[in-house]
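Encoded as structure tokens, here's the structure I'll be asking about.
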Amino acid sequence: MTVLDHDLATAWTPDAHGPRRDPAPLLPESEPVRILGTPALRRTVDSPGGPELLRDLHRRLVVGRRFNQQATTLTKQGRLAVYPASTGQEACQIAVAGALRPGDWLFPSYRDTLAVVSRGVDPLETLTLLRGNAHCGYDPYEHQVAPLSTPLATQAPHAVGLAHAARLRGDSTVALAMVGDGGTSEGDFHEALNFAGVLNAPVVFLVQNNGYAISVPLAKQSAAPTLAHKAVGYGIQGRLVDGNDAVAVHTVLGEAVQHARSGAGPVLVEAVTYRLEAHTNADDAGRYRSAEEVAGWRERDPLTLMERHLREAGVLGDQEVAAAAAEAEELADRMRTLFHVKPELDPMSLFTHVYAEPTPQLREQAAQLAAELAAEAATGAER
Amino acid sequence: MTVLDHDLATAWTPDAHGPRRDPAPLLPESEPVRILGTPALRRTVDSPGGPELLRDLHRRLVVGRRFNQQATTLTKQGRLAVYPASTGQEACQIAVAGALRPGDWLFPSYRDTLAVVSRGVDPLETLTLLRGNAHCGYDPYEHQVAPLSTPLATQAPHAVGLAHAARLRGDSTVALAMVGDGGTSEGDFHEALNFAGVLNAPVVFLVQNNGYAISVPLAKQSAAPTLAHKAVGYGIQGRLVDGNDAVAVHTVLGEAVQHARSGAGPVLVEAVTYRLEAHTNADDAGRYRSAEEVAGWRERDPLTLMERHLREAGVLGDQEVAAAAAEAEELADRMRTLFHVKPELDPMSLFTHVYAEPTPQLREQAAQLAAELAAEAATGAER
Amino acid sequence: MTSAAPPRAAAPQSAAPRTATLASALNSALRDAMRDDPSVHVLGEDVGTLGGVFRITDGLAAEFGADRCLDTPLAEAGILGTAVGMAMYGLRPVVEMQFDAFAYPAFEQLVSHVARMRNRTAGRMPLPITIRIPYGGGIGGVEHHSDSSEAYYAHTPGLHVVTPATVADGYGLLRSAIASDDPVVFLEPKRLYWSKDDWSAEAPTPIEPIGRAVVRRQGSSATLLTYGPSLPVCLEAAEAARAEGWDLSVVDLRSLAPFDDETVAAAVRATGRAVVVHESAGFAGVGAEIAARVTERCFHHLAAPVLRVTGFDIPYPPPMLEEHHLPGVDRILDAVSKLQWEQ
Amino acid sequence: MTSAAPPRAAAPQSAAPRTATLASALNSALRDAMRDDPSVHVLGEDVGTLGGVFRITDGLAAEFGADRCLDTPLAEAGILGTAVGMAMYGLRPVVEMQFDAFAYPAFEQLVSHVARMRNRTAGRMPLPITIRIPYGGGIGGVEHHSDSSEAYYAHTPGLHVVTPATVADGYGLLRSAIASDDPVVFLEPKRLYWSKDDWSAEAPTPIEPIGRAVVRRQGSSATLLTYGPSLPVCLEAAEAARAEGWDLSVVDLRSLAPFDDETVAAAVRATGRAVVVHESAGFAGVGAEIAARVTERCFHHLAAPVLRVTGFDIPYPPPMLEEHHLPGVDRILDAVSKLQWEQ
């Protein structure tokens, strides 16, 4: 006598085919998807709109790099409290913005300021959190970007909930959540992917595997074959892509978003990349990784790769490179100007948005602060 | 130009082969392992000690079932506050005890009282929690059994920590944690498996997939091909076994424990089974599953299966069956006797084990209660 | 999104008040809120087909479909995190945590996101989420099924913390909580689920605004300040106190945050003596806040320090010992007797 | 397992006291505890190779190996849960949570297991775990990096909650915490990490027992009750108060649970007036407990209600506004001035 799978299935699930599914289609590719340096690049070049797309990606990479550099400079000038640069990860950052439509939602992690800016949010508003004058400086509803999430992986279930709600409303919205390799260890990552699988929510999880969580290398973070293999445990699609190949990330993320939008289910994309700078300006990366390792990755800098391959393919020339550089300088200029102005601070704003209406307790406390400020002002005026 | 995996590996990991590993060896079998009703049973029968093993498993199943029945009866008599029966899951429960050596540790979930008793813990001490006179009634160090864990999956990281500590000490201890299908959704389950993979801790996770978390069927809990497929995301071995086939569970769990003990790494075992009774005596299972479904599973009752197949194989006769039944009655008798005695309760014990030494605050509070009790006693005496 | 939908018009039939349990009033509140506002969604473990382990969501999946009353996977952080995302998209989620202690896995989502999202976004992204948590002891529950966790929530800025003690408030306050544009931790005293009172789902009580305490008994000797599961105990104690010659006021706080200083201070000033009563551990419990703020406000009206009768500072005991832990009538009267009457 | 190992013998060389930071004293305490007791293991995010983001575990992995000072995966519940299992097997784990708000994911493990395991097992399975948490604001940290979470822990029976404010206590109390057979939440005021004092790792201060407050300044007019990051502010306020004619006592609680009622009540009785000062939100904060219990014990010695100066009941503000949130000298003096001096 045998216990038939088929019996189990009918017993437990509304669907006669479940819960057992063939894992094969869910498993990621065994090598990261690459386009630069492969025949696929040529096909892109030859496709309609291909050269424009490639040049656009290049331009956004160049501008993105400049954004990272300028933000780092701002920390040195004391105009930002702290900056976690995504230098080296720009291919992932800009691809996110490219893969999403207006109406789609982005759920960035604390390092993903460039992705936020690429989606259209003002650089000053994006960097408010790191400047220190406010928490989230932008209106999440303006460009459909959730606040930068500092507690790691906690924004992943938000993306699932939003995608689920949108689907219930009949909208074709996709939500994309960004998590680091370290963030995949958190319980919230697991719960988000599991909910996504069960709800079949139109959500894409992008893991930027940059090899480190601050000082902790991937091998101490996970023993998985790849992080993309985690997808199978949730019955969702796993994808693996070279995160330094801007064309590949753009392509794979685009496919993932399309997969989710079509109702085919969530996707987990692992982009293999590297953080070229320290964790933040406050970190000393020399304590945990070698100069040789960094040098090796500098050779695979997403910008360098892109420029070299596009030049080789004949879609990029000195003129485009110069134009991109000029646009980058413009952004940097704008950032300098924006950050030159001291932020206006209103201490009384501490009480404004704790609740829809301040509680009686907060009204008392606000009155106390107001009195203190008035007294200070009076003392100041006296002097 | 290509980015070589090999380069990534040397860059990020101490090990030139990591982090990419071949997932194939980690994936579970596509069908649950079965022995009853397959040629493998014959091989067991013919192996040295085989018939004794089989008869022993049968005997323990029969005794285990009786344990469940008697405990359920005790709830009806008001002698247990609540009882979550493992009726239908006895093959898993007894296999656990069989797979572990003395010195190994068991981390049971709230339903796993039979596994605890099978490991040698006194039934009265095991059931204290559910009787309501104390929390954990047994000394965890006596039989190396952690307290029954009510918050789901929270005991899984404990098992990892203990296994890790034992390995650091040079002991050959294995820890086995039991989780339900519902429990696999919790963040703690994920974090435990991830830590286990990274630390290569000698730990086995047994998921008893009984198809429901209270009323929620598996299809609403997980979209994974099987729960055992979750293993690959942690770089550990997944196994799938028919949880109603006592010989198969015994075999697979034994292999898993051996795998872990040998240093080859953790194992996740999914045992496919069914809870024949309601969630607890307080639950009304008719609200969420059909009589037909239950009837179908009754036909695959682990006891019935075992008896039928062992009789067919000629290793079990009326005499053994009667002996097992007698032993079961003996246990039931003993339980009735044990539970006939009212538990001794000492209200002052509330303060004894909050800290190694009571704090001044607790001493004050204890004095208050002592005074109340004295006053009550005086009033009682007066009357 | 309505911020305070009116109660539903009374149903056609009999207007005569009938008896109802707190559980059924909560169920009515959920049902009426879902009928009035399609953006109200219920989610949690076993809330759908089963109707919840306490049956508070009974019948909702049948009436509104599985999407509006969703059986989720077993993961509390995931449940609350998903609700956050749903609220971001304009829904009004009502989350059920199965028991007090099983809300702890969602603590980070609650403290770091739910409580702060409005503030973080300067008011642009409010999260109108109601988090229902059956709490407290006295039902013979085994470990982890009897925690009183209100202090954790009351201490967290950005949350409202509400707890009904009567059938009518079960309805009225839950309607308010769901209609609130702020996140509300709605603590349901599970041992009162089966308590009954005159109340009818056909003519429900009006919505009770959040933030107002109510004097349940007017007395002159001393004031008992309490909430949730301890209200009936305090009322009983007040009756028993008459034999000792004390005429006690009893105040039901109903909302721990915001706190109704006005009602509370007035009630304490009127008697000059007060005892705070709650089940949860006393140390750094909500009772400490109440005692401290009452003293700040009423110092010169107080003939004695504000005393506290609370659970001991111990893990919740096993069922057979819980009676010794829970504040009972005698312990309350003991405290009242210590209010320095001889002065 | 030793329950209170003696401090290590002084090293050969110079006995002259030198200057040290709180951070380095904490580092010495960890190192000495690991040298004295091989069962002491450190684990957490970035504690190994990096030595922790605040460098408190600097050099430990180099001296004791990666197994004794373990870089874990990024998952706080997993870290604490793993530590529970290690403690069950006889190790004495010291866990680092990277920042206050990042300890919340471990809340369930802490409340439901760490705090209760000894009680649950009738004393058979104690968990001698130290949970180090850098806490509080004033360092210009962005969101989630400046929480004061002590009230959550102090309200949880089964935990000790300790917080040093001086370099010497950093060493002495951390040694005690690690040697304790009970779980200790060890809250490190991160803005004092770089504060300096006369102290030398070669001749470390003796181990400080847990549970004793200390009077840091003896005065006669009123008593400031405080702990951790607010101690230096209170000492400064006491200096400034002299100009107003007030001579203030300052009590450093050091241990929130257990609480040193004796020292505190004596200090308050001596002055008849008291102000509690802490950074965390005031509502249902530890200050409420202090005010309530001081009032219960010293009612007739009090000339005025015990007042509280605390953080506002708001999510911790962005760095550029934190100065307005944090209790400062002026706010403390304001409170002192309200202690009804005219009576």
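By letter and in written order, the chains are A, B, C and D; residue numbering begins at 1 in each of them.
Note that in this section a residue touches a chain if its C-beta (ideal position, glycine included) is under 8 Å from a C-beta of that chain, and two chains touch if they have at least 3 such contacts.
None of the values given here were measured: they were computed from a predicted structure.
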Reference chain C; chain at largest CA-centroid distance: A
Pair joined by more contacting C-beta pairs (B-C or B-D): B-D
Between chain B and chain C, centroid-to-centroid distance (C-alpha), Å: 36
Centre-to-centre distance between chain B and chain A (centres being mean Cα positions), rounded to whole Å: 40
Intercentroid distance (Cα basis), chain D paired with chain C, Å: 32
Contacts with two or more other chains, residues of chain A listed in rising order: 134-135, 151, 185-188, 190-191, 194, 198, 220-222, 349, 354, 359, 361
Junction residues of chain D, two or more chains touched: 72-73, 75, 77-78, 101, 104-105, 108, 112, 116, 119-120, 143-144, 157-158, 257, 259, 283, 312-315
Complex contacts: residues of chain D adjacent to chain A: 45-46, 48-51, 53, 71-75, 77-78, 101-102, 104-105, 140-145, 283, 312-315, 317-321, 324-325, 330-331, 334
Chain D-touching residues of chain B, taken from the complex the two chains share: 134-136, 139-141, 146-147, 151, 154, 156-166, 168-169, 173, 175, 187-188, 190-192, 194-195, 198, 349, 352-356, 359-361
Complex interface listing, chain C residues touching chain D: 77, 101, 104-105, 107-108, 111-112, 115-116, 119-120, 143-144, 151-152, 154-158, 256-257, 259, 281, 283-289, 291-293, 295-296, 299, 302, 304-308, 312-315
Chain D-touching residues of chain A, taken from the complex the two chains share: 81-82, 128-135, 150-152, 182-183, 185-188, 213-216, 220-222, 287-288, 343, 345, 347, 349-351, 354, 359, 361-362, 365, 369, 372
Touch list for chain B against partner chain A, complex: 1-3, 5, 7-8, 11-15, 18-23, 26-27, 31-32, 34, 36-38, 185-191, 194, 197-198, 200, 211-212, 217-226, 229-236, 242, 244-245, 265, 272, 274, 293, 296-297, 300, 305, 308-309
